[in-house]
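Labels A, B and C are assigned to the chains in the order they are written; within every chain, residues are numbered from 1.
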Amino acid sequence: MFSAERCAGILEEIRARKPLVHNITNYVVMNNTANALLALGASPAMVHASEEVEEFVALSAALVINIGTLSPPWVAAMLQAVRIATARGTPWVLDPVGAGATRYRTQTSATLAGLKPTCIRGNASEIMVLAGATADKTRGVDTSHGSADALAPALQLAKATGAVVAVTGATDYVTDGDALIGLSNGHPLMAKVTGLGCTATALVGAALAVEKDRLAAVAAGLSFLAIAGEIAAEKSPGPGSLQLHLLDALHQLDAATIQRRLKIVA
Amino acid sequence: MFSAERCAGILEEIRARKPLVHNITNYVVMNNTANALLALGASPAMVHASEEVEEFVALSAALVINIGTLSPPWVAAMLQAVRIATARGTPWVLDPVGAGATRYRTQTSATLAGLKPTCIRGNASEIMVLAGATADKTRGVDTSHGSADALAPALQLAKATGAVVAVTGATDYVTDGDALIGLSNGHPLMAKVTGLGCTATALVGAALAVEKDRLAAVAAGLSFLAIAGEIAAEKSPGPGSLQLHLLDALHQLDAATIQRRLKIVA
Amino acid sequence: MFSAERCAGILEEIRARKPLVHNITNYVVMNNTANALLALGASPAMVHASEEVEEFVALSAALVINIGTLSPPWVAAMLQAVRIATARGTPWVLDPVGAGATRYRTQTSATLAGLKPTCIRGNASEIMVLAGATADKTRGVDTSHGSADALAPALQLAKATGAVVAVTGATDYVTDGDALIGLSNGHPLMAKVTGLGCTATALVGAALAVEKDRLAAVAAGLSFLAIAGEIAAEKSPGPGSLQLHLLDALHQLDAATIQRRLKIVA
């Protein structure tokens, strides 16, 4: 179902097609997200105005919705964009940043999760909250749970929403409510760079833009980042260096590296 | 008309005067733009509120208008700022990011282009769209045209608007509708870093702040970035490293480097 | 009162408690601020919507208010957040970016300064303006004054507002209107990276989250950045490298380094 060959094949497709990935995302990570998508081989765009968002979705091969710095006009644009993506069959990914921290985040995430996203990617707390499980909400946008804590909630959320659900952490889990893929690439230093979860979500968007097998696409998107991140971390004395090497590693990522590095654990 | 000496002289003036460059620009590139202006020797500011934008233009030596993540309140502030810049004779530069991708972008760009910008800088698709030519609009904010495709449209746009028009790509072209300068510095890896076109526009703003000869100023602004970018790319395994070395190279840029590197091709 | 031991102790507390620091800050520096807080050991969040800002302050250990790219909805959220922080006794820091450049900035800064911030951190011009002194206002968000010029205004502002006031520059000064700490770490190249003043303010927030002695906390927050910045600058040919090494140095900062580097001059 998922393998280094599938992963490398999806990378090759992204590089060949350069899919336009439309992001409605947060202010903190816009630059990094755009750079990660470019380094991977996709064509990123950040477009959020109600006046143009529908037209832009129609040009795009995938849509990424990230609520990190949400506010009412942005949420309205997200809903417009999702409507068009759904109507056109364009894959779209939801990143419910900080779900559980405030009612506004939780409700907005739940509304979006109910609109049949192709994929939902979050940390353990966010997925637990969306699945209706109890989660420690006091850490803001970080999580105090390991990804395995969210395994049952992830299965349940996938079944309830029809989305492929990805929980990222030391091990990343991907499920459609039935099959399950576990991935254990990455490095702890990655948690010291802001928004790498958001970047993972964006790369999943790029993979879904070129691959209809959703489980494989989501696993590939997460793996691109996790492999590039561990390569970067190995040569980085701190999170500043990691950011730099991460973009270089995404740019240099190839089939041989994926073959050598990819760790599928379930 | 334009030469390495002129280019170096404009750099020296920027470093001596540290012009305040007022940017109303997009969320994705604000940080990079500010850092590039600082590295060059200018003093950047990002100010967009209707409540203060007019007062701030009056303090500034140049104004940069970039529609990358436009929305109605930002467009209103752009129009306010342009009115004051025009009244005071402050040079201002327009970056019509993604013109042609949506009607909102095309119309906003056309409105701004009609307000007598000192310079319009775009990629080939954007300049073709603004000149009324047909351009492939499906690539979002990227372009699928070479800069030479936009040469006739650039001449026409310069005549129609009174602006110096710059089309950037593998070769950069600068025209006032009559004279033409071609520049061929730069490196393909620069296209893998988000917003370097936006950075070029901002550096053009810094050059226009200190130099009345518009053709020379625009050519100098583009050359600062293209030379620094090629120096950076030569030592960079990927786009992460390029970003870092680019700012270092702008900081270290001097007359000898410009003399050695600058490639004027027309 | 302040010493290398105190400074190292505060760092240790931040790493042990990982305080959630809530930032309502400007678009230019959000990414850098978040990364600096993470590198130091704190947990950053950027939350600005009126719909959730009060709930989020209640989760946070400190609040950072930075008016860099202010607009009315953001100012309204700042006032909401400050009200909750005050009611809960949560420390909050004000960064009056560009006070004096426009009336809107000056008035907003003055309003916020009147709401009993735990600390106000600014450059010399900003502190002089807030204290009612005359300052050269033509440099936008930069300053043309040395920090010593703002010493008397800082003392006066601290007395008038009850805040600990920090003026940063070649020498940083911290005062509660009575005691005075002078610190002389840092490096001139730091002025070539946008928003390091904003980063200093955010790190002060992290220190206030774990330390009740306000003078010591503010001095520690400034020292973390100044020491990491000078370490970074020593190995950096330009401002691009400095950004990278700064985050690495914050991540690697320890008691021995503080002991060896910290320069208390008053």
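By definition in this document, contacts are C-beta pairs under 8 Å (C-beta built on N, C-alpha and C of every residue); 3 or more make two chains touch, one makes a residue touch a chain.
Just so you know, these numbers come straight off a predicted model, no measurement behind them.
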Chain-level touch network, classified as line, ring, star, complete or other: complete
For subunit A placed onto subunit C, the superposition rotation in degrees, Cα atoms, nearest 5: 120
Chain copies touching (subunit A, subunit B) - same or different residues, decided at half shared: different
Rounded Å distance, subunit A centre to subunit B centre (Cα mean): 32
Multi-partner residues of subunit C (each touching 2 or more other chains): 27, 31, 243-244
Contact footprint of subunit B on subunit A as seen in their complex: 20, 22, 27, 30-31, 34-35, 38-39, 43-52, 55-56, 59-60, 73, 243-252
Residue ranges of subunit B in contact with subunit A within the complex: 26-29, 31-32, 68-72, 98, 101-105, 137-142, 191-195, 236-241, 243-244
